[in-house]
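Shared between the two complexes below is subunit A, which has subunit B as its partner in the first and subunit C in the second.
== the complex of A and B ==
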C-alpha cells in the first residue's frame, strides 16, 4: 500500500509533465488520420523506380556511416596515442611529470567534449553551415564517434598488461615503436571488434541523421512521412530493418572471426 | 657418377618457432572482408557528393566563425532559463516514464518470449521474439516521427516512442535473463505441482530481479540522452526547443539550450559513474 502510494506520488508529476493522455490516441480525429496512414502501409510500394531510389539512399546511408567512421578513426587514433598513459616515459619511474599529465588530461577532456554532444546536434549545426546533404552527416558522425572511439581505445590500451610496453620503453624504444611492437599486437583483436561494433552503430545513426536533413534513408523517410505516403514509409521501414539486421549480422560474424 | 645417398633425417636442433600469423592469407575470410571494407570506404567517399570545398573555403570558415562566435554568447534571461528548466525536467520525465512503461511491457512480453524449462513447447517464443526485434530495430527517433501522426506534436509522442523502442530492448534482455536463471528453485516448485505463474513469481523472479533492475536503470540512462534529442522531430523536451530556436536563428537561445543539453548528458554520465563506483565497493 505504502509503495503504491509512493509510486503514484513519484509518477504523477511525470505524467503531467509529459502530457500523458492516452485517450487522445482514440479521439475520432486522431484515430481517423492514424487509420488512413496505417491502411496506406499495405501493400508497401514496390515500383521499380521507387525501389531503385530506396536502394540508392540505402547505399548513401551506409556510405555516410563508413566515411564518417574513416574520419572518426583519423581523429581518434592520434588523440588516443597522445592521451594514453601507458606510453608515458616519465611514468615508468613511478609518477608522471606534471606537464605531460596535464596535457594528457587536456586531450582526454577534448575527447569527452566531442563525445558529449549527440551526433544529431552536431548534424543540426553542420546542416546550418554546409547546407542539406551528406556532408553534415559525415562530419557529425566523425566528431561524435571520434570522441567515443578515442575514449574507449584509451581504456582498452590501459586495461592491458603494460609489461611488454614498459620493457621496450625502458630499453630505449621510442613511443611509436613501443606502441607498434607491444601495445598494438596485445589488444588488436579487442580494438578491431570494438571498431566494427561502432561501425554498425554508425549505420543505425546515419539513417536517423537523415531526419534533420543529412541525407540518406532518413531524409527520404522524413519526406514521405510529411506527405503521409504510408506505402513509401512502409517500404523504407522494411528496407531499414533489413539493413540494420544485415549490419548486425555482418558485425557479429566479423567479430567472431577476428576474435 | 656416384649414386646419391639419401640424406638421413636429422631431428631439428631446437623446437620450431611458432611464427606470428601472416598478415594476409588468401584463405582468411576476415582479411578479405577487411579488404572489402577498405574498398567500401574509398567507394563511400567517391560516391557521396561531399562538399568539402564549401566546408573548407574562406567563406565557409567565416560563416563557421561567425556561427561559433554567436554560439559562445548564451542568453541568461530568467524567463528563458525557467522555460529551459521546465524543458529539461520534461526531458527527464519523458525518459523516466518511457522506461517505466517499457519495463512493464518488456516483462509482459519476456514471459512468452522465453522457454522456461526444457519440456516447455514455448509456441509463442518465435513470434514474440520477432515482435521484440521489430520494436528494437526501429530507432526512437523514427518511432517518434511515426507517432506524431497519431499522438500529435509534444512530449507524449516522445514518451511513447521511447517506450516502444525500449520495450524491444528490455523484452529481449529480460527474456535472456529468465532463460539463464538457475533452474533449481523453479524445478523444485514445479515438481510439487505449483502452477506456472506462481513458479515465476516465487522462484524465477526473485533470482533475476537485481539483473532486471540494473538493465532498466542502464536503459534509463540511455533514454535520457535519447530524449534530449527526440524533440528535433517534434517529440517534446529540450530537443523541440532546440529545433524551434535554431529554425528561427535565435542563436543566443540555441547556445543556452546546447549548453543545457551537454550539462544534462554530463550529469547523467557522472551520476551513473558515481553509482557504479558506490555499488561496486
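== the complex of A and C ==
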C-alpha cells in the first residue's frame, strides 16, 4: 500500500510533465482518423515487384547493420586494448603510473563520448555530410556501436579473473602476448556472445535510421507513410517483424553454439 | 642466477597498494643465494613466504631495502628493461594461473612468450611450435597424454603440475615456486619435487620453493625457516631437526601434522552469464 502510494507520488509529476492524456486516444475525431489509417492497412500489398523491392531494402538494412558493426569493431578493439587496466604492466606492482592512468582515462572518455551521442543524431549529421543513403547509416552505427562495444568489452575483460593474465605479464610476456594467451581465451565466449547480441540490436536500429534518410527498410517505410500508402506500410511492418524475429533467432542460436 | 638481498621488506601481494598503516608481511631480510642453489622456505601460514617469492619475482615493489639479481638492482631499471628481466624469472603462484578454455599445450608454451616475438607467438597459437619441448616437460610430470586436453577438463592436481611444467619450458634462470605440492597426493608430490630439483640442477637454475611439507623441505640442501615475516633459521636441511620445526610451528602445530589445505575448488565456479546491457 505504502509503495503504491509512493509510486503514485513519484510518477504523478512525470505524467504532468509529459502531458500524458490517454483519453485523447478515444475522442471521436482521433478514433475516426485512427480507423481510417488502420483500415488502409488491409489488405497488405502483396505484389511481385513491390515484394522484391521490400526484400532488397530488407537486405540493405541487414547490410548496413553488418557493415556498421564491422567498422565498430575496428574502432572498439584497439580502444579496448588501450584502455583496459588488466594489461597494465605498472599496475602489477601496486598502483598504475600516472601517465598510463591518464591515457587510459582519456581513451575511456573518448569511448563514452562516442556512445553518448545516439546513432539517430550521428545519422542526421552524416546525412548532411555524405547525403541521403546507406553510407550515413553505416557511419552512424559504426561510431555509436564502436563506443558501446569498446566500453562493454573493457568491462568484460576487467570483470574476469586477472590471475592468468597477470601471471604471464609478471613472467615477462608482452601486453599483447598476455592478451592473446590469457585474457582472450578467458573471456572469448562472453565477448562473442555480446557482439552477436549487439549485431541484433544494430539490425533493429538500422531500420529506424532509415526514417532520417539513411537508407534501408526504414526509408521505404517513411516514404510510404508520407504518401498514406497504408497497404505498403503494413507489408513492410510484417516483413520487418519477420526480420527482427529471424535475427533474434539467429543470434540466440549463434550464442548457444559459441558458449 | 645469483641473488643478494639487503634488508628487503614487502607487503603481501593482496594487501592494498597504499596500505601505509599495516605492517609489511615480510620484515627486513638479508641473505645471499648462490647461482644454482636450491632453497626451501618453510613456516606457518602468514610467515611471509608468498610475499618473499613475489618480491623476488619483481611482482611486488619492496617497501624498504632491495635485492640484486646477478648484481643488478631490478628496481633501478627502466620499465622496459625490468619487463625484460622478468622474462628471466619464473614465478609459479600457488593457484595455477591457467585460462580454463585453453589447451594444455598452449598453456605450457605460454611460458616461452618472453623469448618470442608477437608474430611468432600468434603463429604458435594456431600451429603450436616447440610441441616436443612441451611434451617432454609434461612427460616429466607424468602428464604426457594430456597435451591436447583442455585445461578445464583437468583435475586440480593435474592443473598444478601443468603450471609447474611451464617452468621447464621457460628460459628463466631463477624459479620461484609457491607451494608446488598443495593439491598433489604424496606420490605425485614426490615426483613433482624430484622433477623440479633435478631439472633445476641440469640447467643450473636457482630454485626457491616455499613448502608446507617439512619432510620434503628438509631434503633440500638449504632451508629457510620463517615466522611472522622474520627469518628464524637458515640451515642445511639435515641440520634443521624436530625441535627447531616444533618451535617454528608453535601454536600452528596442525599445519605441521596435516597436509596443506588444497586448492581443488579454486576453479569450481562455472561461467558467469554474459552482460547484456543495451547501452
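Basically, the second predicted complex is superposed on the first by the 226 of 259 C-alpha atoms of A that agree within 3 Å, B and C clash if a C-alpha of one lies under 4 Å from a C-alpha of the other, contacts with A are read in each partner's own complex, and residues count from 1 in each chain.
The criterion applied here is as follows: a residue touches a chain if its C-beta (ideal position, glycine included) is under 8 Å from a C-beta of that chain, and two chains touch if they have at least 3 such contacts.
Keep in mind it's a predicted model, so treat the numbers as computed, not measured.
When the two complexes are overlaid on their common chain A, residue A:152 makes contact with subunit C while staying clear of subunit B. Of the two partners subunit B and subunit C, more residues of subunit A are touched by B.
Touch criterion met: A:67 reaches subunit B, while subunit C stays clear of it.
Touch criterion met: A:174 reaches subunit C, while subunit B stays clear of it. In the superposed model, A:207 makes contact with subunit B only, not with subunit C. In the superposition on chain A, A:45 makes contact with neither subunit B nor subunit C. By the touch criterion stated above, A:108 is placed in contact with neither subunit B nor subunit C. Using the contact criterion defined above for the overlaid structures, shared-chain residue A:194 touches subunit C, although it does not reach subunit B. Touching of subunit A by both subunit B and subunit C, each in its own complex, is seen for residues 185.
Residues 17-18, 57-61, 79, 83-91, 93, 95, 97-102, 106, 110-111, 113-114, 116, 118, 121-122, 125, 170, 172, 271-272, 274-279 of subunit C are the ones that touch subunit A when the two sit in their complex. On subunit A, the positions that touch subunit C within their shared complex are 89-90, 92-95, 115, 148, 152, 155-156, 159, 163-164, 166-168, 170-174, 176-178, 180-182, 185-186, 188-190, 193-194, 197, 201, 255, 259.
Residue ranges of subunit A in contact with subunit B, taken from their complex: 11, 13-15, 17-21, 24-25, 30, 33-34, 37, 59-60, 62-64, 66-67, 69-70, 116-118, 120-121, 124-125, 128-131, 133-135, 138-139, 185, 204-205, 207-208, 211-212, 215, 218, 221-222, 225, 228, 233, 237, 240-241, 244-245, 254, 257-258. Interface residues of subunit B facing subunit A in the complex, by the touch rule stated above, are 20, 29-30, 33, 37, 40-41, 43-45, 47-52, 54-55, 60, 63-64, 67, 89-90, 93-94, 96-97, 100, 134, 137-139, 141-142, 145-146, 149-152, 154-156, 158-159, 225, 228-229, 232-233, 236, 239, 242-243, 246, 258, 261-262, 265-266, 269.
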